[in-house]
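A single structure is presented below for examination.
Labels run A, B, C and D following the written order; every chain starts at residue 1.
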């Protein structure tokens, strides 16, 4: 673990020293990051595969007299450390080439600053999940925010990024304020900062305080995780960062917030015995469902590739939260509740790592498109599949995975979530059960919409004709970037085809957190090749699937179909222009993303509040139309309805107050006199 | 040894002030300036070691205890930083014509007289001497505020001297009342020595002490810039020459706070700790709340920093008001942290203003492009002022919060946090707008002068260090200082 | 190989059976439609002839199409057929070796649909995109409802595995149905045309570019590729019908004797015929809906399914 | 302390309040200055009375210094500045004089109510010196808050400091001499600086320094 720290530290330091030569800084810094990630992998695997219940602790130097700093890696921490390290490896492989290729204009100082921030960012995240006390947690939490802020604003210094960074900082800072209260309320009870003491101090909390603290913490973490309606910063900040950092922010940083929720909900604040208060789980479940649906709906209407991906992060966080909330509802309920809670938590954690894998992959692919074309609006791309085959193929892989389609990993975790939801529904009769099933239906809707969205994203970006010269002259990304993507793509396939083996890694977190059966005991009871989830109380009639067999079957069938496809007389295909009712096809004939998403915009108009304006240029008579200009936009409801109003309100208020102040000195004196008068009346009169 | 130091310390700047009048050469003046500040630092460290070894020392009307030592350290460190900064700043100011080359010596003399009075306020044991020195700071710094001599400067100086003099006269009235109570108890020739009064504090008449404390609170609170008596502060701090602004914001208001703390100790002993805590809490909250809108809608960079001082003094008052060991400790730590950070902020702002020739933040754009190092320092200072780790203010605000939560002051905590977040937004908005974007053609692109950067580096180093750790010796000092207050 | 608790071999046999019978079902539906519209109509084997012809032809490929285009039909066909492996045809009861459940089945169909849409976008040109866009608009609305129908039976059975579901329902046919079953079945009947791409949601016969959904996506495919796509859509249709029958009126013969299998086969044929007739009736008695009326139409199914679930759970 | 001393002090206090009201109501700057001088004279007398009563020598000195500085020197300085500046003699008040007087009444009532609520303070400070002192101090500031010209603000400042002096003298034990001297010196220094500023503004920008209000918000 110290090795990991050393590596990140060395990376930061090296990039600081090497600020004269950007190339060196990039190389060394990313190398150090890679080493740190590998070390992190080692640590986490060591804990996860070691004997369950073992906690790796490591005292840190006492920096502050009032708090003893320490690291404590238990199953949960190790799992999230694993997620972080997995993506960090890809980012470290991908980073140098990207930074060089995307912004060659950037001076060495700026590149060095970026690498420095990257190392700090990774280090803070790794230490955050390993933190054994509140102080370390808070310091790393803010350090993580600060480093990512630097990365966001450093990408290119135009106002847009600065605004995105500002919004990001302010909202997360607000979240941190909530966290501060939640933490300090515990530390002041405990008189110490380490988690063990907090756990003990939370033992004798009364119900209302406990719930209040949980909601404070949940609010704080939800801001970071981008839960609707606290998500507005996310689709701005994530795209603004360099792409491998976007991958880290979307794929990992949001998960750190999930870690915080789990740590608080199941560990620190959990009552000594008995189930959690019902309000916790239901809040999380509802928040998750709303985020999932709204996230994908807004993603559908985005034409900025990275923004689209960022909105999908909102969606996937929602899916994870559905699992978490369900686990909270079911935990320590009688009967097979415990088992079901394990299934739900397993689904959530599995989706956590899955989302890290495919969202990281997608962001990296989007990044290589970006650094080759310098265009983020997919309307201006197209036809890239023939010029960047690797990128296109890997993006398609990620698209299938994130759409929750078999045989890739997205399907597995969504399947587990569905099973858990059904189990919950069969346990709770009455409205509770109905609510659970309804969120299952919403989850299904989410999956379908995600598929639609990525059909659009992939099709419009990579297929058809190139719409602009940038897309026309794109070339394949350098091999080191491809390597980073391939690593994540391999993860997607492996987790999809053989998920049973991943369950082994989930044992420690699930068992450690729920004090119940481990993941593999429940989900892969029939061997690693078979996933099963017991729905009934007894868990007798369990639903079982085998991703492995299904993948094998698919391959076999594909082989047969391949032969069939070659046809009886295998002649090379003639090529001809695309059929466009007999006209000569041009790029303008291709279906645009706007047009693709239009029907869904109609269907969900209530949520989008679409605004469109059509301007016609007619030649004298309205019947002869020279040109039609169509402009349309959709608004983010929470943004326009909540944030803009609040912001406008505060600004207007302060403007007026400031305008009121006349710089007259007798006014100043009057204030002093009045204050004294009032103070004497209030405090002076003897009781 | 320590006793001699007690009278040597105020003498150093006083003598320097006189020595300044003997020469006109800028180089020599700056040399003397830096040298005497360095001597001051050295002597203070010596004194600190003595006190750490042998406890509080007193000599006549002077006395140094751990509480005073905290403020003294802040004072001398900032003085040194200011001296280093002034070297480069003067060059630019004279070049532009803000400072007249022939009148420099009076400027230096006034600055050191100002420092001398502040040293006396920190070291004073006799409450009367404390008051006299405080009024002395007002007079000297008022002249410095109006030093540029243009209309705005004089206006600010007038407001400053009038309002603070009123405040201080209230302070005198409070002092008289407390003295009356003490003299009544002691009988015979009563004394105004704080340490002596503390001996008998529990037996003082609570009623009269209460009124006395209110007068002191309003009076020295005016000087400390607590709302709603703060109105002069943004004017004065924004119009003064940048080094003076740093001293005003960084040290002077802290000296006033020290005076309040001394009387708080007496009042707490006489009327029970609840009463002064309550008063401090109210004024702290008012300050934090009142500062917010002016920070959000501010256009003038230095006024922004001025209002920020109001907020942070409010935070210190909150910490004292929350009371208890934790809260008081946090308050003292915050005094130091804010002093360092605010001086850094003023330095960075001063260089930026000199570069763009305007204090209007809408005119300052793309600082990172034209002055990367200074811009980085500005951003660091802004982030620290906003309470971001790993910078020092985060730690002290954390301590203050702990104090509040420990005493269950939920309402105060809620208001405090909301305001802090809003201010964070405003400050970061302003800082980001200045740092990023495209720099106007008018902006000076000459390389950055070394001495201001050196001064900023010194302060930034302390800032980050205190954000990452609290050295054991410093912690021990703060602990003992806390005991002096809380008992 | 044919012995044991419905082993892998039997599963594969059933799958092959579905693939072979898929075109026949289409043929029958066409024939019935023709009859209902007082036409002679082509023979029921016409789809087979079309397929044979297509596989004999050469390929014309759009010049803008990328490397993916060639493999799209392969993957689509594979996914659809794999879905076929999950439908209990001859008999009920969970297979000895688990492969997948209803969710997996729906997932595979969704995968096929996704790939089809991608392929449609590959050639460029307006019609493919139009078809893909509309298909991907309808699909997200259909899938949740389908899942809810599945859930409405799964909640009772405690599993989403079709074989186990069928076994749980046992031989209790219409007689044993509860209100929830009726509503669920109603929802399924509403969804069937949408899922099989038929009037009133889609029109399989038209090649008028502006009205077609599924056909629009196939415009650029030709020869064996088109053959694969056609075969895939035949299979998809029969798989959907099989899903309905497995959910609502399965045969449940646990024996593995030849008689049981024959009985199962007969029952299956009967069920498929009934559903095919229903589709034919609907197609020839309704007109195609405008695209933006389709959501309202599907809403009926949604309400039915939700009510079914409510009844099942409350 | 003998009862008649207390009564004398109380009478002096009443007179002081009367002079303060004169300052508040003064229509012309000169009147205000004369009133301050008279007030300082009364303070000096009070000092003398207390000195005889307590036999405290310091008080004699203080009384003398007060007489010299506050009753003669400062009023003269003010007078000189006024002549030097040739300001309009009329008082420009922020709020009507009637309202000012009403506020004054409120302040006086408050201070007496305040000290009445204290009880045992009476031994510490002679007679009604405490409430009178509070009232004088606040009233002096009230003058500053309700007048627009710089000179009036200086006048008000001195008046309010008279209040402080009165209370300080009335502290039964008397204040340490050195402190009193220091305080008075400070007051003189402040007065000089203020006077310089006033004149400087008058000379550079032809305006009353107290009427500058460009710095706001």
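In this text, a residue touches a chain if its C-beta (ideal position, glycine included) is under 8 Å from a C-beta of that chain, and two chains touch if they have at least 3 such contacts.
These figures come from a predicted structure and were not determined experimentally.
Taking each chain's centre as the mean of its CA atoms, C is the chain most distant from chain B. Contact analysis places A-C first among chain pairs (by count of C-beta pairs in contact).
Chain A and chain D have CA centres that are 69 Å apart. Chain D has its Cα centroid 100 Å from the Cα centroid of chain C. Distance between chain B and chain C, defined via averaged C-alpha coordinates, is recorded as 78 Å.
Chain C has its Cα centroid 35 Å from the Cα centroid of chain A. Among all residues of chain A, those that touch two or more other chains are 658, 661, 663, 665, 669, 672, 676, 680, 684, 686. Residue positions 114, 117-119, 134, 141, 144, 153, 210, 212-215, 217 of chain D are each in touch with at least two other chains. Each of residues 155, 158-159, 162, 166, 170, 207, 211, 235, 294, 297-298 in chain B touches at least two other chains. Annotation, chain-chain contacts: A-B, A-C, A-D, B-D (touch as defined at the top). Within the complex, the chain B residues that touch chain A are 155, 158-159, 162-163, 166-167, 170, 206-207, 210-211, 214-215, 217-218, 222, 228-229, 231-232, 235, 275, 278-279, 292-294, 296-298, 326, 366, 368-369, 372, 383, 386, 388-390, 394-395, 398-399, 401-402, 405-406, 413, 417-418, 420-422, 424-425, 428-429, 432-433, 435-437, 468-470, 472, 475. Those residues of chain A that touch chain B in the shared complex are 63-66, 109, 138-139, 142-143, 146, 153, 157-159, 161-162, 165-166, 169-170, 173-174, 177, 180-181, 184-185, 187-188, 650-651, 653-655, 657-658, 661, 663, 665, 667-669, 671-672, 675-676, 679-680, 683-684, 686.
Interface residues of chain D facing chain A in the complex, by the touch rule stated above, are 94, 107, 110-111, 113-114, 117-119, 134, 138, 141-142, 144-148, 153, 210, 212-217. Chain A meets chain D in the complex at residues 658-659, 661-666, 669-670, 672-673, 676-677, 680-681, 684-686. For chain B in complex with chain D, the residues that touch the partner chain are 126, 128-129, 131-132, 135-136, 138-139, 142-143, 146, 149, 151-152, 154-159, 161-162, 165-166, 169-170, 172-173, 176-177, 179-181, 183-184, 187-192, 205, 207-208, 211, 234-235, 238-239, 294, 297-298, 303.
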